[in-house]
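Here's a structure for you.
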Amino acid sequence: MKKVRLNVFSLLEKVRSRKPVIHHLTNWVTIYDCANVVKVFGASPVMAHAPEEAAQMSAISSALVLNIGTLTKDLVTAMMIAAKSANQKGIPVILDACGAGATALRTDSCLDLINNRRIDIIKGNASEIACLAGEKVMTKGVDSSEVGSDLKKIASKLALKRKCTVVITGKEDIVNNGHKSYIIRNGHPMMDKIVGTGCMAASVIGTFAAVEKDLSFAAASGLVCFEIAAELAVKKALGPGTFKEKIYDCIYNLDEKTLNGMQKVYQ
Amino acid sequence: MKKVRLNVFSLLEKVRSRKPVIHHLTNWVTIYDCANVVKVFGASPVMAHAPEEAAQMSAISSALVLNIGTLTKDLVTAMMIAAKSANQKGIPVILDACGAGATALRTDSCLDLINNRRIDIIKGNASEIACLAGEKVMTKGVDSSEVGSDLKKIASKLALKRKCTVVITGKEDIVNNGHKSYIIRNGHPMMDKIVGTGCMAASVIGTFAAVEKDLSFAAASGLVCFEIAAELAVKKALGPGTFKEKIYDCIYNLDEKTLNGMQKVYQ
Amino acid sequence: MKKVRLNVFSLLEKVRSRKPVIHHLTNWVTIYDCANVVKVFGASPVMAHAPEEAAQMSAISSALVLNIGTLTKDLVTAMMIAAKSANQKGIPVILDACGAGATALRTDSCLDLINNRRIDIIKGNASEIACLAGEKVMTKGVDSSEVGSDLKKIASKLALKRKCTVVITGKEDIVNNGHKSYIIRNGHPMMDKIVGTGCMAASVIGTFAAVEKDLSFAAASGLVCFEIAAELAVKKALGPGTFKEKIYDCIYNLDEKTLNGMQKVYQ
């Protein structure tokens, strides 16, 4: 692997100037944080889960983020409607496979979405992605488990099979579209000490995917920005509570020099 | 227009001493912030959206706030029930027309509520209010768009037609009941950098409407308090994350001198 | 009453090392805070309210927390399913009777749960517990009312009748299993100035109940930790907004010396 330099600031500037609308059907735990992280990056979040309006909202959006964190059958139905509309319009669809593998409903709902709609980016932690790739894992609630197999290979295989970009978040993040791969070594263990950073990462990826057709580059850039902000926030925090608030400050104040100097991306 | 001095502290004191119960049927994105802003102002928020209890909760409340930010058909049905009970009791009903104009479901649900229940205060940004007033606008998700027409006239026309108070939030806020009008020039652009300030404003208006029969005065006073707190919070913040937390501190610590000295209300 | 010293740190260490999964079916207002407080204590929150997965999620959890703060009939059905699974597995079930007495739906749903499932810990404020114990009270929304009767007797009577542990939160917290009783005098009035501390307390109790079979000891220890953190947070806060964030920092940084030195537990 060699270190590469991504021009992530160019994408951040596009987000800030175009202010794309990012539609979400997401969970009730972190819905505020998903909306707020999109807003603080400079884009415009919208959350509309009624089946009667999900398609119309997708049609005025630039990306669609689906997160199954507190799914119900009705919500999955609305996700299907929203994703169909997104597919017709040609905007990227991001699936956060939150808790896949923990229950049959979660695994089956993810597979239904992947099998019946075009999902452009599948994002999860190691155990969630391994589950969707058909690898055997033990999942403990919505938190990640160790996965024995080679994560990069799992990501690549799933990406090729589903013709999509796969993102595995963890100590190292893997972004893989089957043909090229980024490894991101930014971020901080404090991100695992609070609820919501995983969901927020998916919303950030959606935000960057709204302004860049190369979805691997978009996903990697979004993660780099988010995780550098987290590194900066930790330095100003006394614990997970202040960390949570400082991360928004740090995202808002991200600049080119910081992003170029702090990024740790490998290929 | 001439500058006027509102005795907003007299209403704030009533809120703090009477601790009115403010019932909400609201969205899942900002539901915590709506509840918390009411609480920090000294009142008592309650959120009950089950059709089986919505009427009973309205009947023990002093104001009802309806917000369609993540509406479903079922939620609108519950809003109808809650509003009917509120109308029977004679407590003020505030409608935050969050995203009206963005989808048919949002626009139609607002109109259903306005046509079939007594809505005492209709609140929205320029594009939302213009939509409900029958003016042509382009809405971009739930964030405001520019409206070509004269906003004050739109507010006045809608207020007269619906026999209610209309609040248009923006750089300048307009409060108009068809007969008198307040313009509020408090607040700070940072309020638009985070999710939730619009919804919180509606909850604050509801809180003040619970203690004052002159609903224009109540709405203007609530906005003045909230936006002065925001101005104070910006000074203590390093970005949108710390701003969000400081705004609660500043609301909690509002005093008469500050409210008299900083208010910018015109008539 | 005499002051006693609980080894609460031993339980905190178990939470941190075992990282138990705490399943919630809770309300949409404070769902984030319930999840985050569990996480910051070192455990692993999960929220799954779909009837199709509620049982399966209980089966991989170490405690189940039910909170009726924004209940619907469907949610209560899912609670019944989740609690049945929890009962079969033998993990503790905690019921936060949020707003019991305010509406018939809330009171009846609590009683349905208590009558038909094994509820190990019933938690509420004075008016909520009095309502479930069959005492006459006036409830003002979800906030507590004064209760004329002797609270300790009510707690004991309800605990004996329902063969469970009863927790009444307030200026003094009462933990009573019918045979032994703890009074906790930690905490700070600032906890009542924000939304969510009551719900978070129930989640904390669930977290400690997941690692300790003596549920009164577990509940008392959880409250002591949470409330000492609140006392520490107040000292670092300028108001309810910063208090809210600092409480997470203070929970995360709790150590043995602090817990031993600051606890105020009586028997």
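Order as written gives the chain letters A, B and C; numbering starts at 1 within each chain.
In this section, a residue touches a chain if its C-beta (ideal position, glycine included) is under 8 Å from a C-beta of that chain, and two chains touch if they have at least 3 such contacts.
Remember, it's a predicted structure, so these values are computed and weren't measured experimentally.
Participant: Copies subunit B and subunit C touch; is their interface built from the same residue numbers (over half shared) or different ones?
Facilitator: different
Participant: Using only the C-alpha atoms, find the rotation that maps subunit A onto subunit C and quote its angle between 0 and 180 degrees, to the nearest 5.
Facilitator: Between subunit A and subunit C, the superposition angle is 120 degrees.
Participant: Between subunit B and subunit C, what distance separates the C-alpha centroids? Give it in angstrom.
Facilitator: Each chain's C-alpha centroid was found; their separation is 33 Å.
Participant: Specify, in ascending order, the residues of subunit C that touch 2 or more different other chains.
Facilitator: 28, 32, 244-245, in rising order.
Participant: Over in the complex, which subunit A residues touch subunit B? Could you list them?
Facilitator: Checking each residue of subunit A against subunit B gives 19, 21, 23, 28, 31-32, 35-36, 39-40, 44-50, 52-53, 56-57, 60-61, 244-253.
Participant: Taking the complex as given, what residues does subunit B use to touch subunit A?
Facilitator: Interface residues on the subunit B side: 27-30, 32-33, 69-73, 99, 102-106, 140-143, 193-196, 237-242, 244-245.
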